[in-house]
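Working notes, structure below.
Letters A, B, C and D name the chains as they come in the text, with residue numbers starting at 1 for each one.
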Amino acid sequence: MNIAIDIASWVLLTLGGVNLLIGGIGVLRMPDFYTRMHAASLTDSMGAILVILGIMLQAGLSLATVKLGAILAFLLLTSPTAANALAVSALLAGMKPRTGDAVQRTNHEADA
Amino acid sequence: MDILGLYHYWVFAVLLMTGFYAIVAKPNLIKKLIGLSLFQSAVFLCYITFGKLAGGTAPIVGKGAELFSSPLPQVLILTAIVVSISTTALGLALVLRIKEAYGSIEEDEIQEQDAP
Amino acid sequence: MLAPHLPMLQVVVPLLMAPFVVLLRPRGLAWAAATMASLMAFAIAIVLALSVVGDATLTYRVGGWMAPYGIELRVDAFGALLLLVITGASSMALLGGQRSLERALPPTREPYYFSAWLLALTGFVGIAVSADAFNIFVFMEVSSLASYVLIAGGPDRRALSAVFKYLIMGTVGATFYLVGIGLVYMMTGTLNLADMAGRIEAVADTRPMIVAAGFITVGLALKAAIFPLHIWLPNAYAYAPHVTTAFLAACATKVALYVLLRFDFLILQQHLSGHAFQFAGYLMPLAVLGILVGSGVAMFERDLKRLLAFSSVAQIGYMLLGASLVSVSGLHAAILHMFNHALAKGGLFLAVAAFAAVTSGWRLEQIGGIARTMPWTFAAFVVCGLSLIGVPGTAGFLSKWYLVTAALEHGALGIALVCVILLSSLMAVAYVWRMVESACFAPDFDAETDADSTPNRDFAAFSHLLPTILWIVALANLYFGLANALPLELAKSAARTLLGGLP
Amino acid sequence: MSTITLLFSIFLLTLLMITTMAIVRTRNLFVAVMLMGIASLLIAASFFLLDAADVALTEAAVGAGISTVLFLGALALTSERERSPSSLPLLSLGIVAIVALIVIYATFDQPPLGSPSAPVQAHLTPWYIESTRELIDIPNVVTAVLASFRGYDTLGEVIVVFTAGVGVLFLLGTGASASAAGAPLSEDNAGLRHYLIPRILGRLLIPFILLLGFYVQFHGEYSPGGGFQAGAIVAASIILYSLLEGEQRALLVIPQGVLLAMMVGGVLLYGAVGVAGLVLGGNFLDYSVLDSDPVKGQQWGILLIEIGIGITVAGVLISIFHAFASRGAA
């Protein structure tokens, strides 16, 4: 039983780690603000959720698990909201999503 | 292991001087305050590091642990953090007043305006 | 019943009055409350000074905890002398400065200003009575933050940029000090000064200790405005409200110097080999340069307050010079000079506050003819000026005399130092004369012809309290020049304590 | 500290160094402030690894929270970009490098990380831990040292916070006049009106943040936390409220007068506990005379002064925020 839980938890942790890594690479490599936000959301959602679930399995039935649950709930509420606020303010500030041939240009801006 | 044990202090030295560099070399007043906060954070790191005891835990008695890291440096740093944020707040308030009075927050431009 | 609690009450009285003062809205009430608290603190300081005469030391355990574990307060002769200076300066400046401040501050800000005043007072006395290295840091920050507020109350926008510079340098100084005591704490495991002095021997010549000594000295030198690190001082003093300047000039840098001397002599000096030499070797040239540069700049300065501020840099040089001789007589002179200089400089700045009530500014040509307008105030100004020069019969003479005597114990070097002191005294004669000259003989300053000043003959702003206080200070300058048993005794005992280790 | 933790801590510190370099190098102050938040979190994480849970909590609340808000408030009123300097300050670089080398040189005689024979561990620490068990009987030794053994330092700390509050109000005014309490709420100043989702969610979260604040306040004797952290958290929730609903509404909820009373009241509560010790025959800040049982007395004293700290800190931080925000509105 213990081994099963251990395996499950490590699978979750590893998957979460992979998601975090992909999200990190995405933030660096994506061409413009909105696509980068998309990549960043991966770390928030899949990355963090899987890691916390993995730790919850490790912690077993204890106060720590309850706290982790609270953190999870908090994260699920705040990170989409923060992303929304960020995107709305970007849009209000006049930042347009790049489409088509504009990608080439933004690459230069990203390097600068 | 010994070298690894000193790494924290080296980071302290580097942070301390990075902050100090921002204070002395940057003409922007807000940047100076940012440097000041980094400078003070470095000291916090130094104190907390030498309070750490190998194999110890956070000094909260009654969980069955017997070895505790020293509480005193932590108490000192709690106070120092508060002092640091207070200084920052006062400094920023000053920056706002300076901006209103001079229209600039760059040290050299302010000095030019002050020169008779 | 209260007697054993006096060292604590010294801090608690202004500390608890400060929050009250913020709430006092009607005009003048905040001033009255602050003055009352300050006078109470002054009274406590006098009682404390009388009770430590003759090498006595009062200690107090805050919270009832024993010394290295809890925080200990300790009042010895040195501390008591400093307490007299701090509380006396605060009381005199507040008593004399009511009208001047009322003019400088809008009514809504008044309560905050006086609260900050009491907080600065709390910080200064907190440092003076504390026997715990970290506690000194905390109160140093209280006093610094409050001083920034007091200076920023100045009418000129240059006050703001001066305060910002002070804030940066002051915080860097305090943080250097924090790094220094951190390293000492790391090596000794204690923060209590007496305990530190006892445990430092075992680790005396390790590298962290030497670096710690460096950090502590540089940090406190920044706060004390010792020569190359003095650049924050002239503008901060010049653009602060006059009464603030009178208060801070009398005690702010001296408190930092007090901590520096206590640290260097009680803890580092006797236990680090060669430290006595390092202390003298590094600080004596700085002291000499500070004396000469400060006096030299003052001779050519045209702004009255900046002139006096540069003269302060020189006077701090004197105190440091006395200390860097590392002898009982040298320290005695240095400590006595702290007291006497506070009397002279405080009086001079108060006089500037009085002048400013009727003149349009305080550049030298703007005070032209002031001797005819306000002869009594001017006479008091001259007395304090003479004391600053060190004319026999004034308080300033005595400390310079002791300084010269102490220097002469050092042979050829001593003679060179005496030459420096004499030269700088001549410079002081020159700059004091320039002030007197423009006040007596220059034509009345005509504000209308001056573009950047507004005519201002506002006699209503000039209360009778200020000249009275001014004369009390001036007479004190004379009195302590003739019969100065108390400060002399305290300074002597302080010097003995500093060189003899803790009793 | 196991080797893994040590390596992880070294990794965090390396990241921290890179972040600080970036902070100093960047010309965009907004970026610098954001990076400051990251640096604070990295430091907080390092503190946690070094067993300093209380300090980590404070650093996170102050460094990443309050200080970021203050810096952003100041940036909104000044400018976001730093002008490029005329020349590379080689002299400063030289001095800085030399001092850094001196400090590093000093480390070679220092007791390495975690050494049990280091004076810090050997001299005072055992006494504090023993006495906390015997004389105060609360689990969190940090709280015991902070509030009782070195309660005078903490009083000084509260005074520093109070001084900062007084100073900011002196410099910037209370802000009450600028936003004219009682005037009809204008649409312009109504907070995040374009942002429906954050606004609704923020309202939802505020009670929980307050709850967390009270938990940290009253559980500080048992777990990391205490008055300062609680004050900062409570202040954060009120600041969040005023970001969502606008300055004026926040000032209607907690008016300027109440904030001032909080600033003053907390300090006076702390001072009163100290004076009570003096009146009841002990020394200043001696809590053991507060109750017939000295241990109980200590616990009462710690509880009361922690409340005092919390009230003052919350009052000061909210006042400072309003002072900054009202400058922007004026």
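Following the convention adopted for this analysis, a contact is a pair of C-beta atoms (placed from the backbone, for glycine too) under 8 Å apart; a residue touches a chain by one contact, two chains touch by 3 or more.
Since this is a predicted model, take the numbers as computed values, not measurements.
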Separate pieces, if any, that appear once chain C is removed in thought: one piece
Gap in Å, rounded to a whole number, between the CA centres of chain C and chain B: 28
Computed distance of Cα centres, chain B from chain A, in Å: 30
Centroid spacing, where centroids are CA-atom means, of chain A and chain C in whole angstrom: 57
Where chain C touches two or more other chains at once, by residue number: 134, 138, 141, 145, 148-149, 152, 185-186
Residues of chain D whose C-beta touches two or more other chains: 103, 107-108, 110-111, 118, 120-121, 124, 128, 150, 153, 156-157, 160, 163-164, 167, 171
Multi-partner residues of chain A (at least 2 other chains): none
Chain pairs in mutual contact under the definition given at the outset: A-D, B-C, B-D, C-D
Touching residues on chain B, where the partner in the complex is chain C: 16, 20, 23, 29, 32, 36, 39-40, 43, 46-47, 50, 72-73, 76, 79-80, 83, 86-87, 90-91, 94-95, 97-98, 101-102, 110-111, 114
Chain D to chain B touching residues, read off their complex: 1, 6, 9-10, 13-14, 16-17, 20-21, 23-24, 29, 32-33, 36, 39-40, 43, 46-47, 50-55, 58-59, 62-63, 66-67, 70-71, 73-75, 77-79, 82-83, 85, 89, 92-93, 95-97, 99-100, 103-104, 107-108, 110-116, 118, 120-121, 124-125, 128-129, 132-133, 139-142, 144-146, 150, 153-154, 156-157, 160-161, 163-164, 167-168, 171-172, 222-224, 228, 313, 320, 323-324, 327
Chain C residues within the chain B interface of the complex: 134, 137-138, 141, 145, 148-149, 152, 157-158, 160-161, 163-164, 167-168, 171-172, 175, 178-179, 182, 185-186, 191
Complex interface listing, chain C residues touching chain D: 5, 8, 12, 15-16, 18-20, 22-23, 60-65, 68-71, 108-109, 112-113, 115-116, 119, 122, 126, 132, 134-135, 138-139, 141-142, 145-146, 148-149, 152-153, 183, 185-190, 199, 203, 206-208, 210-212, 214
Interfacial residue positions of chain B with respect to chain D in the complex: 1-2, 4-22, 24-28, 30-31, 33-35, 37-38, 41, 44-45, 48-63, 68-79, 81-90, 92-97, 99, 105-106
